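Next, two complexes with chain A in common: one pairs it with chain B, the other with chain C.
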Partner chain A sequence: MVDVGILLQIVFWGLYAGCIYLLLATGLNLIFGVMKIVNFAHGEFLMLGAYVTAAIFALSGLNPYAIILLTMLVLVSIGGFVERLCFRPILGTGKLNEIFLSIGLIYVFENVAAVIWSDRWQSIQSPYSGISIPIGPVSLPLDYVIIMVVTTAILTGLYLFLERTQVGMAIRATSQNRRGAMLVGIDVERMDMLSFGIGSALAAAAGTLWVVSGQVFNPYMGSIPAIKAFAIIILGGLGSIPGAIIGGLLYGLAENATAFLVGGPWKDAVSFIVLIVVLIIRPRGLFGEAEE
Partner chain B sequence: MNYKQYTIILGIVLMGVILAAGCTQGATQPAGEIKIGVVASLTGPVSNLGNGMWDSAVIAANEVNAAGGVYVKEYGGKVNITLIPGDDQSTPAGGQTAVTKLITEDKVDALVGGYSSAVTYAHEQIVAQYKVPYVVTGASSPTITHRTDIDTSYIFHHCPTTDTYGKYTTEFIDQVIRPAINAKFNFDAGRPLRLGIIYQDSQFGQGVYSAVNNTIHAENLNIQIVGAQSFKMAESDFHTTLTAIKAAKPDAVYVAAFTNEMVPMVTQARRDVGLNTFFLAVENNDAPAYYKGLGGYGNYSVIESRFSPYTVPTGTIADAVAAFKTPYTARFGSPPDMMGASTYEGVRIVAQAISDAGTVDKASVQQALVNLRMPQMIEAMQNGVITFSSNYHESQFKLYMEQLVWNPTAGETRPQIVWPENLKAADFVVPDWYTPGSG
Partner chain C sequence: MKAPDSGRLFRYSTLLCLALAVIAPASGDIYLLNLLVLMLIFIIFASSWNLLALSGQGSLGHAAFFGIGAYASTLIAVKTGLSPFIALPLGGVVAAGVGLLIGLTCVRLKEWFLAMVTFGFAIITQTLVVSVLAPVTGGWSGLASPRLLSAAIPGNSFIEYYSILGIAALSILAIRALMGSKIGLAFAAIRENETEARASGVDPVRYRLLGFAASAFLAGVAGALEIHHFGYVTPDIFGIDISFLPVIYTIFGGLGTLAGPVIGTVILTIVSEGLMNFGLTFERFIIIGLILILVVIFLPRGLVSLPEEIRKRWKRHGDNPVVSQTKKE
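Then we have the complex of A and B:
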């Protein structure tokens, strides 16, 4: 019989992993929802977020949780730049171009990061490292509780931005009907750039939280999380932000439950098994809407 | 003096320099060179160790070249070593590409290096196909030279196998850790040690796991394996794995992992999961990055080793180790690691074999490696001699166990040799924060 405390800890680690995944997937889904592009280089924004946070931390000594906002701003700029320089010229020219462009960007970002920061793995320590909070039968490390709170805050901010601001509504309109948005005077190219920047910033937030939790990082860390993010948005429903959030959490929980019950090497496999099962039962994903 | 005159004088000077350089080379250097391909993970997740292997190979080649080079009879004098890097990118496919290029395009005379058993296993079939002498200095699975699906006669294994160090570490657990825990907590002296094992799901990790199991059964040791968990290569989130191991209530946890996995694992265990136990690491982690990455969480952890960046066993190799570490540290800014040490020796071994063979002919160099008897260098060898066993081409090292202890000056832990008795610099310590397992 498995101890309840152990089970609660597994759920906790699953939620932590889910926080990283859902931030990455939400950003990817925002970009896909607005621009309908496939960006396999999305994981590189997570990697850049990790490095930018570590660099600012090393230079300033600021609390890494405070650095997250700076990192997100930096990545909004980088994301906007990448959209304008790389994706806009090929928008509408075919999915194959987008795929090859984004694969090329993976190598560009990896090598740029390796040149700037070296390709040796690094790690940093959070100032709250070693502090735990007793909750019921388990003792939870403070860092991971903060990570969950920060993730919730970022998602709440994103929700308010998309629901309550003019620009947010314009992004949603572009996502729902690009031609209709143009007809009512929305600058859809500006929305493309903005949503790409915000999506990149969300990936950067995931990268920052990854770093703060004491995980090691290197220039090649982005590819696997990006593949998982794609699986998550397919699972949750393409273009659906709630789907990305639920999908991300489900992924984190499924991975960790599998690692506990079956073994670590099955972590990645089970996530894709879940994806296949969901797609067989519900091809649109959990929260996807039917094609018009 | 006008522009035209300047040009003429400059041209004459340049021609003189070129001619002088040519004459100098012609006077002291016979035609020919020795090209050694160094297979290492220069990029990818394990590039920390891969770059250390390359840097150490550079130090070895520089030493040899500074002494005039390698005497090769067929060239009628000494020739320099030229190293050519082969970046396996930390992947099996990358290793196959790198080795193919080194053999077919760069036309190397011999190969040295090879880290990660999975990576090396994948590319050694190319080595076997082209029959190039290869001194493997990193991959520790015995399958590297025991496999029978390819011709391994050109492959020589200059690092202990998982069988060797897995057995050695298990014996240390039985002879040192178990009695120390039983004594500290007033347990019955016959209480078995509860061992947890976490291993990379690869030939390397599975090799260590099976070596521990085999040793316990073969020697009838009083050790009980209470939990075994595996993980995929390059994993960095070990929370659930550690929680599962903690649930098994171990007295100690033996981990077969690379440094980029070992550091987050021990950190997460001590910091997040509250697994306050002894972690025993495999020798490949004895590198500056390991000590730096672990910080205080490595305090009182244990590592099996044969070369450490921060300590050296007393004995005949101490001077040679210092002679290696000093130029290395001066050039690269931090001391060399253990994988680098065996790669340094690998280059020297190839140089010696070519000199013995008197030629770079690959079959002759292979035979020279078979017959090699070379004094130990910077790692202590059994009987003080580097030689390869006739059956599996394996050299035999003297191993030791280190315990990491916090060093306030360094701001990191530093190793102390605690076993075997004839090498030990300090006693093995069970710290106050340590929590024993229970059945």
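Then we have the complex of A and C:
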């Protein structure tokens, strides 16, 4: 019989990890929905988010959770620039080009960060580290609770933006039918840039949460979370935001359960084994449409 | 796709490169010799990736095969006492076997899905090597690997260099022969249009698997060569950098051409090494990343298509007055 305390701990830690993954995956899917591209350098935005947060924190000493908005703002502009300068010229020239371009971006971002901030592992300390809330038989770090609340707030904000604002509706229209959106006078290229920027900002938010939870970061940390985000969007369906959210949480839970059951080093591998098995059975993902 | 390869200019430059490669060790510079050895190994590695691309597939985790070949060859040489020269192709065979398995799982996957699964596969391999297989592989601390040639042999570095040059030349000739054969035609058919290929009696699955196995074999040989050259192997060999390098070299030189991976590897290794000598440790990767982005946007068929592109642009320039005249009439 598994101890209830341990079970609860696995669930809470899994949900916390899931929050970071789902923000990454939601960003990827928002971009995919509108532009039909997968940015393999998406993890680099998480890494940049982590560094920008740490830099602002070191400069201002503000509460790190307040910095999340600033960080997102910085990354919206970086993401917009990347879309305009790199992805727009190759849009529609083939899926391979996107992958190759992303590899170039990974090299550029990783090493720009290494030049500016060195390639050492770093970490910052949240003002709430060391404070825990007892929930039933386990005690949960306060930071993890705040992270779950912040993630919920960001997702609610995204939902309201997409559902209630004019621009949000234009983004959804573009993602549903690009040509139709063009016909009714939506500037689809602006929507591309905007959704790429927002997607990058969501990755940056994940980076902020990564940093404030006390996890270490270096310029090369982005790749592994990014691959996990790919796994999530494959499982949850390309372009589906609810799929990314549920998939992200499930992935976090599965990963923590694996780490507990078979040991830490397997954490990264087992999830890929699951992914590969799913893809063998359904080559377009669990909820992927059988297009083409 | 073959067009940029043909032509007298190309044949002469190939001969010139070969001649340079043959006489280079005469300088007696050990630094240069080491650089050339690494260049040759990555020419094999990049060509193996290119071969996979020629069969209509791709991989973002080719380091897996590079590393498996290296570990397998090392273990075979250590456990049996065989010469690394014999262990080398055996390491390649092990890599090909694993490649076949991966090929089987990937046979229905395309583009992003294929890229993600192969990307993940390199990580799984690394995890296995440092956890379950650690008693054999030495975990994170790695394994000492026998040198290709014992240091006691006089002139060993020269013999090593010429052996690797021979293996690289052989690999490229083998790919050339393969692409010129019926198999190469089948690859092209599948690459261009799978449905039509199937309709004309080409079994895509068989050729896909063949492409995966052949590519993994060459990648494994390249990995084994590198490790026998350095004399040590660690799990870092499965790193993302090692997976990306053959892709970058091939795209830069020209995807799907025989010369592309060679030109890409030579030029980018020189650029990277040159920048490194200026003390630009991280900056050189920024520059290589920027070069890759620029090539993808402005020269999608790589450096080998540059003469053709220039000629095209030139011609268009010359034609312009004629066009405007006809318009007036």
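By definition in this document, the second predicted complex is superposed on the first by the 273 of 292 C-alpha atoms of A that agree within 3 Å, B and C clash if a C-alpha of one lies under 4 Å from a C-alpha of the other, contacts with A are read in each partner's own complex, and residues count from 1 in each chain.
The rule is short, and it goes like this: a residue touches a chain if its C-beta (ideal position, glycine included) is under 8 Å from a C-beta of that chain, and two chains touch if they have at least 3 such contacts.
Just so it is clear, the model here is predicted, and its values are computed rather than measured.
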Joint occupancy of chain A by chain B and chain C, clash or fit: clash
Touched partner set for A:Y51, first chain B, second chain C, both or neither: neither
A:G104 touches, of chain B and chain C: first, second, both or neither? second
Partner chain in contact with A:A114 - chain B first, chain C second, else both or neither: both
Partner chain in contact with A:I280 - chain B first, chain C second, else both or neither: second
First, second, both or neither for A:A259, with chain B first and chain C second: first
First, second, both or neither for A:Y21, with chain B first and chain C second: neither
Partner chain(s) touched by A:D268 [first = chain B, second = chain C, both, neither]: both
Which partner reaches more residues of chain A (counting touched residues only), chain B or chain C: C
Contacts of A:S123 with chain B and chain C, given as first, second, both or neither: first
First, second, both or neither for A:I90, with chain B first and chain C second: second
Colliding stretch - chain B into chain C, listed as 79-87, 115-123 or 367-375: 115-123
Doubly contacted residues of chain A, that is, touched by chain B and again by chain C: 114, 119, 220, 263, 265, 268
Residues of chain B touching chain A in the complex: 43-45, 47-48, 51, 201, 229-232, 235-241, 243-244, 246-247, 260, 263-264, 267-268, 271-274, 289, 293, 295
Partner chain A, residues of chain C touching it in the complex: 58, 60, 105, 108-113, 115-117, 119-121, 123-124, 127-128, 130-131, 240, 244, 247-248, 251, 255, 282-283, 285-286, 288-293, 296-297, 300
Of all residues in chain A, those that touch chain B in their complex: 2-3, 6, 9-10, 13-14, 16-17, 114, 119-121, 123, 125, 129-130, 132, 139, 141, 143-144, 214-216, 218, 220, 256, 259-260, 263-265, 267-268
Complex contact set, residues of chain A against chain C: 38, 40, 86, 89-90, 93, 95-97, 99-101, 103-108, 110-112, 114-115, 119, 220, 223-224, 227, 230-231, 234, 238, 263, 265-266, 268-269, 272-273, 275-276, 279-280, 283-285
